[in-house]
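Look for subunit A in each of the two complexes below; its partner is subunit B in the first and subunit C in the second.
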Partner chain A sequence: MIATRRAADTLVILIVLVLAWQVLHQIVGATALPGPLPTLSYLAKFVPTARFWENAEATLVAFFYALVLSYAIGLSLGVWMGIHRLSGAVGEPILISIYTLPKITLYPVVLLIFGLSLSGRVTFGAMHGILPVAILTMNAIRNIPPVYLKAARTLHLSRRQTIVTVLLPATLPEVVAGLRIGFTLTLLGVLLAEMFAAKSGLGFLIINAMSLLQTEEMITVAVMLFLFAAVANALLLWMEHKLHRRA
Partner chain B sequence: MTTAPADAAIHASLKGVTRIYPGAGGNKPVHALGPVDLDLRRGEFFGVVGPSGCGKSTLLEVLAGLQQPTAGTVNFEGKPVMGEVPDGIGVVFQEDASFPWLTVWDNAAFGLRRAGIDEAETRRRVDDVLAFMGLKDFARAYPAQLSGGMRQRVCIARTLVLQPRLILLDEPFGALDAQTRLLMGDEVLRLWRRTGATVLLITHALDEAAMLSDRIGAMSARPGRFMDIVETHWPRERDSTIVGEVAFGEITGRLWENLRGESLKSLGYAGMAAAE
Partner chain C sequence: MSRVGWIRLAVIVIAVGALEFACQFGFINRKVVIPPSEMAVALGKLLASGQANGEIARTFGIIVLAIAIAVVLGFAIGVVIHALPRLRQALDPFFATYYAVPIFIFYPVMVAIFGLSVIPIVLIGVATAIVAMIMATLNGLDRIPRVLSKVARVHRMGAVATALRLKLPAAAPYLFTGVKLAVSYGFIAVIASEFILAPAGLGRVISDAYSDFNNPRMYALMLLLIIVATFVNMVLHAFDQRWAERRGIGRP
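Our next item is the complex of A and B:
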């Protein structure tokens, strides 16, 4: 029941988006924004080509490494700052101020260090993803009600049982929320890096198409990225809801 | 063992127990409790009342083995309590300690599963305790779908299912409204009679203590000490309707007489208390 209603909601949102797209197209003209129909027919031609997939692969590889880094560093930082009070108290304001800093201003530094290499794009992606993962993980651990630990002791749980059967499930929903936001921001970071300085990748394709005034290709890539991000986000959101179980 | 035969009636005891919290960050150490002596008789319902911040919860946690006393000894069934919660002691806390990621049934089964009790026995005991606590129809619900009173019952069920011989209740109904509190009191009396366990109930509500307990210990302001222990002489078969009895008024009156000055002290009206 809830699943069908959610599917219906998604469909309505999609229809509204496509309609808005059409309206915007009428206003600004095809040179800036091609309509949905011509774009879709271009998409059907362009997506099967090797050129699309080579660039998609470049993006995916950079994104994959960046995501692994974001999650590994973000989770470790978050767990450490959540458990160790002093580190958390010192680290939290620093993390939050870095989080609000527009990281694009630091991209020149990344470029000067790594050049146009894959490492530069990975680093820039991870710079975006680490912070939300770390901050939400830290909060998840700090927000564990102390009474859960007391209850665990009165129920005669071993240290391992307490971690696996109480602390982990208690923190999981918020940690997964962090992973979801980290996913989106890491993708953003990688695409930004590709747009400004790269010779391959979907971000590069978009900017390249723009400078050649191939607006259909530009929007096609954007649509594919939108689909990828939306599906991944929906999947993680579904996991989060499943963990909350607060129907 | 030097346990004299007469001590068989003593289920748990505190001897000269004090608890001082070391001062952190330049603060003075806080003397929270004691020295306190207390003998809990096997099978009795013992209520503890006292002004807020008087160390009631500290008393309970020391007795449960959740905290080490700074001085003195704690005994449960003839053995000293040291650093961990002994088998046979069950605790229900004031805060909601039900696990939101588990159904009511799985919450109740939690301790049994961790202890490795086999599945058939677990099912029998959990079904039994849920029926007893009136939670049968909510077995598949999650705590978030229940009211505060129901969630507290889930916590009681999770404790009862392990068949504790000494049940410690730390203001379990503190967050509930007065009517629900009276009805939950009936439930506690019912489970006390059925399990035959010894019960220690911490509460800030004098009427709750007077209605439920065989004996009531009135504690002083911090550092908490017993100033008076009142015997109620209620019959074992009793329920919340005894709030209409004359003796009920006398008991609450005596408790309040003891506690009024202490409560003023704990609120900082030391001068007022001294002037009276």
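Our next item is the complex of A and C:
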């Protein structure tokens, strides 16, 4: 009962947002901002086309490689800095200040090294994703209550048993939170790279549509990306909640 | 300085030194990266000549404006939402998703609506920063101890006095976390907008210098942005750490 009321309230807000979109459309005109209905009909036409899927594939490929790199490097860095206290103490402030830098300033350097290639976009995406994964993994390991490790020693668990039955379950929820933020930022990095300089991909499609004043296409791509990120986030968030409840 | 601090300094000096060495001795092509010492010299010359002053003032002006709007408006919206629990519950899914979607992809949409000017940049800066401030405000108001309202009643304080002298100081550490996030998100959004599409500003100048193969200019301004961002974040982090200790969750 309460849950349905809550869902209804959320739906009301969604409707208010769409109405606000419509009102803004009335004020600024159709060329600057097409209304929700024309956008929806354009979306239905444009999304099944080959042009959309070719660019979506280009983005997904770059995003996939970037995500693998983010997770692999981020997790190893985080585990190392979590276990080795001195490295963690030395490195944490460095990681945090790199994390808060506007990394887009460094994209020209990436371009000078890799040129307009897939590797450049993958590198730039990974640059965004590595840090949150590393920082949250490190904190997860540091925050393990010492009593867990004492209990493992009392029970004479082997090193492997300690890792599998104690360390992994204790750190998993926070690590998954890191993976979720890493997912979002890696996607942002890949899209920024495509927006700044690329010949394909959804980020390129948005900028291209913008310069051709194809506002419907621009908003359609933005809405599709929005949905993709929102659904992926909801899935990862759901996993995180399940892990928290189990812990 | 502590032992850890010295090691950290050594790590940074060695990293910069290694880059300098690799560039000076041709392990890294000069067309790709110039030595850090030349970056610093180029930055010094650029600042002394005053050529980039207009762009610097413009970019940092926009950043300050966007962050100020986000903090003030975000706090006000947070207070209103906190007073309406039903609205807050309905908004929850939006807050949980907000930073998971690349909001920045709507920057071109704003350019289409408002034209290529300062307005879309300020708007995307505010949009990126404000939700962090709203969430921090909600969190801070949640954590005001109940006993404070009882204290206010015992002392017969008015609503305004209670809000200013009891509630605000109690929520302040959490509000500050919001400000810190707003600053770093606003900074990133403004610079990114200028990079992708803008009539002027530091991001635009760096991106132009990249297109013209003007490496000294590009690296000088990059260095400037990195120094400013690091400095601002370090100051905020230090303050945040002090607040955290006050509310008893900071690391000793």
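Definition applied: the second predicted complex is superposed on the first by the 225 of 247 C-alpha atoms of A that agree within 3 Å, B and C clash if a C-alpha of one lies under 4 Å from a C-alpha of the other, contacts with A are read in each partner's own complex, and residues count from 1 in each chain.
One rule holds for everything that comes next: a residue touches a chain if its C-beta (ideal position, glycine included) is under 8 Å from a C-beta of that chain, and two chains touch if they have at least 3 such contacts.
Predicted model, so just to flag it, every value in this text is computed and none were measured.
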item: First (subunit B), second (subunit C), both or neither touched by A:Pro145; value: first
item: Contacts of A:Ala72 with subunit B and subunit C, given as first, second, both or neither; value: neither
item: Comparing the two partners subunit B and subunit C, which touches a greater set of residues in subunit A; value: C
item: Which of subunit B and subunit C A:Leu212 touches, first, second, both or neither; value: neither
item: First (subunit B), second (subunit C), both or neither touched by A:His156; value: first
item: Which of subunit B and subunit C A:Leu86 touches, first, second, both or neither; value: second
item: Partner chain(s) touched by A:Val166 [first = subunit B, second = subunit C, both, neither]; value: first
item: Which superposed partner A:Val16 touches (first subunit B, second subunit C, both, neither); value: neither
item: Residues of subunit A that lie at the interface with subunit B and also at the interface with subunit C; value: none
item: In the complex with subunit A, residue positions of subunit B that touch it; value: 61, 64, 66, 84-85, 87, 89-91, 93, 95-97, 99-102, 110-111, 114-115, 142, 144-145, 155, 158-159, 162
item: Contacting residues of subunit C [partner subunit A, same complex]; value: 4, 7-8, 11-12, 31-33, 86-87, 89-94, 96-97, 99-102, 104-106, 108-109, 111-113, 184, 187-188, 191-192, 195-197, 203, 206-207, 210, 218, 222, 225-226, 229-230, 233-234, 237
item: Residue ranges of subunit A touching subunit B (in the complex, touch as defined); value: 145, 147-148, 150-151, 153-157, 161, 165-166, 169-170, 172, 243, 245-247
item: Parts of subunit A lying in touch with subunit C, wherever the complex brings them together; value: 6, 9-10, 12-13, 24, 28, 32-33, 86, 89-91, 93-94, 96-97, 100-109, 111-113, 180, 184, 187-188, 191-192, 195-196, 203, 206-207, 209-210, 213, 215, 218-219, 221-222, 225-226, 229-230, 232-234, 237
